[in-house]
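By written order: A, B, C, D, E and F. Residues from 1 in each chain.
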């Protein structure tokens, strides 16, 4: 229980901390310390187990399918890192209390800091690789927010994004690597993975997995060539730099190498990839650090260099080197965190971090200066300080490295060179800041010592540097042992934590480094001049321009493809359909099936010819829009005739009535549209479209031919047999519509209703200016309502209504039905609108079409739901034959009520749609009465 | 079937077909829009009337009861054909469709 | 028998009539000519449907013809009104 | 017969009818009734969900006609999953609309409810032609919703959306016709049986029909090269509409799952796994296009719209591979991405509302009034959408990555998905930092406030990603079971033998 | 009285009743009941569409008029057919016919009649409803047409509508 | 006969597709209509061609397949609704963009309208 507690308490704290923001910085700092204190207390009891190389486990199921569990695992290595995170974290909290200004969003800062802390603890305490990855990416995210804490600064935003891109991207690689490892091992549990080192290393995918994991580690730990993000992350407030970029987050990559050391290390690939990366990073970081005028920039590059050192140590692959690496992790964390804090104090007190301005601070803040000088000495590797010890171990290990090809001299040389640079930049940090004349143009002058408590964290860390440096075995021995044991996954080689191992080669290297470093610093101007000959690359600007370039490229690429051309999208759709259909169709041998062709019936053939002629004429003459519509009407008419010719009276009637309404609709619309379509597409484009059209048409011809000539049997026999006994009607099509497949019809009238309501809504606020006359220059006539039309339309109404009743009532048994009847009624009313106008007609129709639609749908639904009462499913119909005197025997069918719903919906929808368009007319007096919403 | 009815039906059918054809001929070959308007309004309408009547007779003589509902077709046609003609004539006058040179009098414009 | 012959001849005549109407419809020259041709085609369609019914000996298709008679002219009226007035419903 | 199956269809139908009647009632009353309807739909969905848990198929025969003759609804785990996912999303989108985006025209709630009806029919129906009708219902409602809100910016994308879908509908009908012309049936279970018996030239007809149907579903799902209608249409839609639309592409995915696993599944002989070899590479290309589009987006809503396309590709890749683990992973991911993307649409619109003329464009603007709240929502949503830990998108992504067996497909899928994730990371961090952080001095005159409904809805949808993570275990168990059920098509066929009322012995 | 019984337009009701009997398959109890219902309901619904009651004074004269028209239609068709088939070009003419009828419905009936009968089509009615523009396919003189129309149709209609 | 019917469907598809690919809303609408005629005829013919076999019980000796007819009826109605909608949508497009061009002109700058801003933020 205590392990998850350690990880999750900071997150709880992050939620709670901002609540204390009202109480001021002190309150919130205290509140923020609580999780760490509890965590420390919770870890303490495990020390006995860990010191002996044991591990503590706590596991809870989460997502077994994924192999993801809430698995926590504490061993020496985890403990070491947890302590670093918790203890330095506490110091940072204290430090930040004074660093931040009261006006800043302190609550957010502490919340983020705690989130980060929790994530970091999560990484080190995870017993499951996937869980670790989750925390890993969380540190990327929280550090993104912390770096950009001052997000009004452009540099902060850019630095943050760069850090996120690099570390988050590396995290994705790590994810892939971990998944591969999980694939190989069959588990993500750390225990299993660590035990399966041989399996992993002998697997074919090991190089891939290793590369991916190392990509994750290298990006996080700012290894060359991914190191560039770290210096720019220094835009963060100093407590963040001190915490994340010296002690914790950047160590996550190193931690990962240590953690997976037993599983991945010990192969040639590991050796070459890790050690050479480390070597390059070590040198480059150290070299650049020398030339940074920014105090934090210097520290950042030095951090890069030290991370390279640790990486190099892990890469060497010897057990002693690994121990040295772990040791240096501790040492670097202590001296670098204190240096960052010192830098923050200086920044805080002088208002700048530029070493060309900051000079001679010894006079103003001797206390701080002393602390910083001790820490810097440790960084330089001065004896009696902790940095010296691990550096000596490093030098010693570098001598052990037997590179093939006579390159054995390379590691010691690199180590010494890096040592020289380290001494030089440490010297610069001390001399250039605290001595070297007088301050130049400090924004805050005179600087003085910071608040007392701001120095305490630095003091504690510096004290640790000294303690470890002077009494290593006593102060850090047990912890280092436990951590090393855990790292190596077994016995730790003999090593001796003493101040001095006697006069040996490593010591000589140290001496050389000191002499060389001091010499270099004294001759710094020459080096600066030399360095100044190279143009300095601003990685942030490069990153930013790369991103902009990428974004721009993506934008242009997208814009070129997704260019807003309906025709292109339609073309793609047509091409897709043709492509997928052609593949199977092209394998068909013959397109005339077993049944063969039936003899030609000449009148039908001529009608077909008329249709084909008019369709083609429509396509050719589509620019003359009115003519196109006339031709289109002929096509529609012939289609209706075809339905009649081939045994579908209901369809013929439906097609005819729809045709009429469609013509009116198109005429209504054409009024507002240009009467002529201009020439726009190029000849090539027309040719392309023609080819597509011909292929599509040819394909459909062949498909139809193949289909029509194949024998066929369908489920329809059932409908023919059950229409009368089961559905109570002899018009099978109608019975299918209102009964067998009544649910389709319900959907269909819903579509109609929605379309009408949508049209109404869409046109409500639309204003269209119609042309003043037709395309040929004739102004419109004033005669809106011709006398004859008006007079003849009126007697048409009752007659047409009667016809519609007739067609409605017979529908169940003979061709007809609600839909057609509805259209007849609609057309009868439309004639009135055309003949006598909106106002006149609307006055005489006392209903709202919305309500007619609603009523229609309601009738259909209620008719369908009536069967619920009898325990039958929705739309179960019932019918009976009733005998009344005089009237005689007649049929009553519930399906008729359903059909009535269809009838009403059709009327409401058709009229609502047409009237909505009619209302657009500037002559229309009806301007949507109560329409102001 | 009664031979008289048979002849009558056949005659009506042929009459109807002939009128439809003549109406169409008129539409095809008369010189201007207004003269062409006469074909469909009269000949074609009557042609359909004749065919419909023959249909009535045919189904009645088959003993399927008196199917007079077809008569409604003719009624509606007679009701609507003049309106169509009127509307089209008005449209043609509005547009200023050319009349044949032989035409006396002028279409007016309101 | 005589009816069958008459029927075929009639169908041929009406079909020919329809073809002539299509000729006028495509030829024009003016919009009212085309609409007139379309209107006439509709009336031919009534004839054809009735003739189909007689040929097949069924009355199932008569209502299709009736529908054209009731509604067919609406298209003509709408087109004619568009030609001279622009707005069909106002 | 269990009438509950009709509830997710009839409730919105009746609610929609009521709204159609109430066009002129006070808005408060209309809102109350509309939201009540949506809550009832959610309730009904949960009932269906609880019924589906036992892994049985439930059949509902409309008109009490024995399948394959009448239209049936079929409830299984997948259908229940889709219905619940949609209802939850709909509820929050609907709540959001109460913040004022339902004004503007009186048909909003009607269309919204009808859209839900169409969606639920699509998820529940067991009939191929009825699926067409369902598509039309939900499409026509979506057309209306897309045009909701006035202004001219939606017209052109709306027109594209409508026309392409109309072509799609035509192709749908042709495909159904081709399949019917050989098999003579429309019921999906019956089709599955009859497709196995197709031989000779007919085989090619069915194959062509099946492939064309796949194109239709691909159009709905927005797979490359049929995805270009989506970004602008979604980006321009009113917020709650765009949010609801997050589920529209999933209908295409659902249809592919349903039809191609059942009718053209492993058992379909020469027609087995029809089209799946096309689907996998297309899914990858779609994903890649989505990542590129997202990177190049110049406003937040476009970014999210491209995220929709990314999700579609991500979903279809494992579906095309067809392993049980892949299907399960896809379903898990679908749940996560649908809700997240919907939430992001809402957030983007709230952001747009507070930045004056800059809207949601990724440019500098004066600071927002509710910057912290909105930026947190955006960040959480972005993390979930980009598939970063610890949110649900990450879990879904890992499930998908894990589901692919080692091989060429794995290399491709991993490569595209992980590289793409990197691009989305860059895209989201860039967009977020510019929109939320890069501000200029100045204030909007009378900066608009957030309202309760909008904040709650956006917050809740985004928060759902956390809920999914917390419930990842049970959800994954459910999707595993769903995948298993989907692949066991013989059980589905038993609905053909289920007796109708009055014929149970 | 019929008005109070629910037949505001008795002639229309009668027409509808008869028409229904035509539509029904034979006259039966059911068709009579239904016909009565429709004859009552439909005029009620369409009532509002006649703002001015048609001044049908002598409606019983209508059938006779219709018979005449029918006869003329047949004759007209033959004469038009002859004209169409003859090689001689027609002599079309536009004639302004001075209307004596005043009722719009009566004018419309007249115009329809003219369109359906020998060689004439009603092209337009003047705004003030005093002139009817007639296009004749083939005519010697204007007055001939005017007189014929007046004698044969307009006088009869005037009787019915005065 | 089958070949002629197939040619009709092919022609309708070809002309429909050609017009769909034009750059204005009007031909697109006409193209959709032609295409839907073709589709309806195709769907109808899946029950095969029959003469005088209308599926009205008692009116013939054998009956053609009624199911495709019912499906086509549904398709016609839905097609009508869709046509109406797309016609009105092109009117809206005309109102908003002043012409009916739909082929890839960049849309107007996306200045949100006042109402949208309010709707988005309420």
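General remarks:
Criterion: a contact is a pair of C-beta atoms (placed from the backbone, for glycine too) under 8 Å apart; a residue touches a chain by one contact, two chains touch by 3 or more.
Chains and their UniProt names: A = Multicomponent K+:H+ antiporter subunit A; B = Multicomponent K+:H+ antiporter subunit G; C = Multicomponent K+:H+ antiporter subunit F; D = Multicomponent K+:H+ antiporter subunit D; E = Multicomponent K+:H+ antiporter subunit E; F = Multicomponent K+:H+ antiporter subunit C.
None of these values were measured; they are calculated from a predicted model.
Of all chains in the assembly, those touching subunit B and also subunit F are A, C.
Interface comparison, A-E versus D-F: the higher number of contacting C-beta pairs is recorded for D-F.
Taking the mean of each chain's C-alpha atoms, the chain closest to the overall C-alpha centroid is D.
Distances between chain centres, each the mean of the C-alpha atoms, put A farthest from subunit B.
Look at the CA centroids: the one farthest from the centroid of subunit D belongs to E.
Centre to centre, using the average C-alpha position, subunit C and subunit F are separated by 24 Å. A straight line joining the Cα centres of subunit B and subunit E is 16 Å long. Subunit B and subunit C have CA centres that are 10 Å apart. Taken residue by residue, subunit B touches two or more other chains at 18, 23, 25, 37, 39, 45, 47, 69, 72, 76, 79-83, 86-87, 89-90, 94-95, 110, whereas all remaining positions touch fewer.
Looking at subunit A, residues 564, 566, 568, 570, 574, 629, 645, 649, 670, 700, 703, 707, 712, 714-716, 719, 740-741, 744, 748, 751, 754-755, 758, 762, 774, 781, 783, 786, 788-789, 792, 795-796, 799, 803, 814-815, 917 sit in touch with two or more other chains. Multi-chain contact residues of subunit E (touching two or more other chains): 19, 23, 111-112, 122, 127. Counting only pairs that meet the touch rule, the chains in contact are A-B, A-C, A-D, A-E, A-F, B-C, B-E, C-F, D-F. Across the complex, subunit A is touched by residues 11-12, 15, 18-19, 22, 25-26, 28, 31, 34-35, 38, 41-42, 45, 48-49, 52, 60-61, 63-64, 66-68, 70-72, 74-75, 77-79, 81-90 of subunit C.
Across the complex, subunit D is touched by residues 20, 25, 28, 32, 35-36, 39-40, 42-43, 46, 67-68, 71, 74-75, 78, 81-82, 85-86, 89-90, 92-93, 96-97, 102, 107-108, 110-113, 115-122 of subunit F.
Of all residues in subunit B, those touching subunit A in their complex are 72, 76, 79-80, 82-83, 86-87, 90, 94-96, 110. Interface residues of subunit F, counted against subunit A in their complex, comprise 1-15, 17-30, 33-34, 37-38, 40-42, 44-58, 60, 63-67, 69-74, 76-78, 80-85, 87-92, 94-95, 99-107.
In the complex of the two chains, the subunit A residues touching subunit B come out as 774, 776, 778, 781-783, 786, 788-789, 792-793, 795-796, 799, 803.
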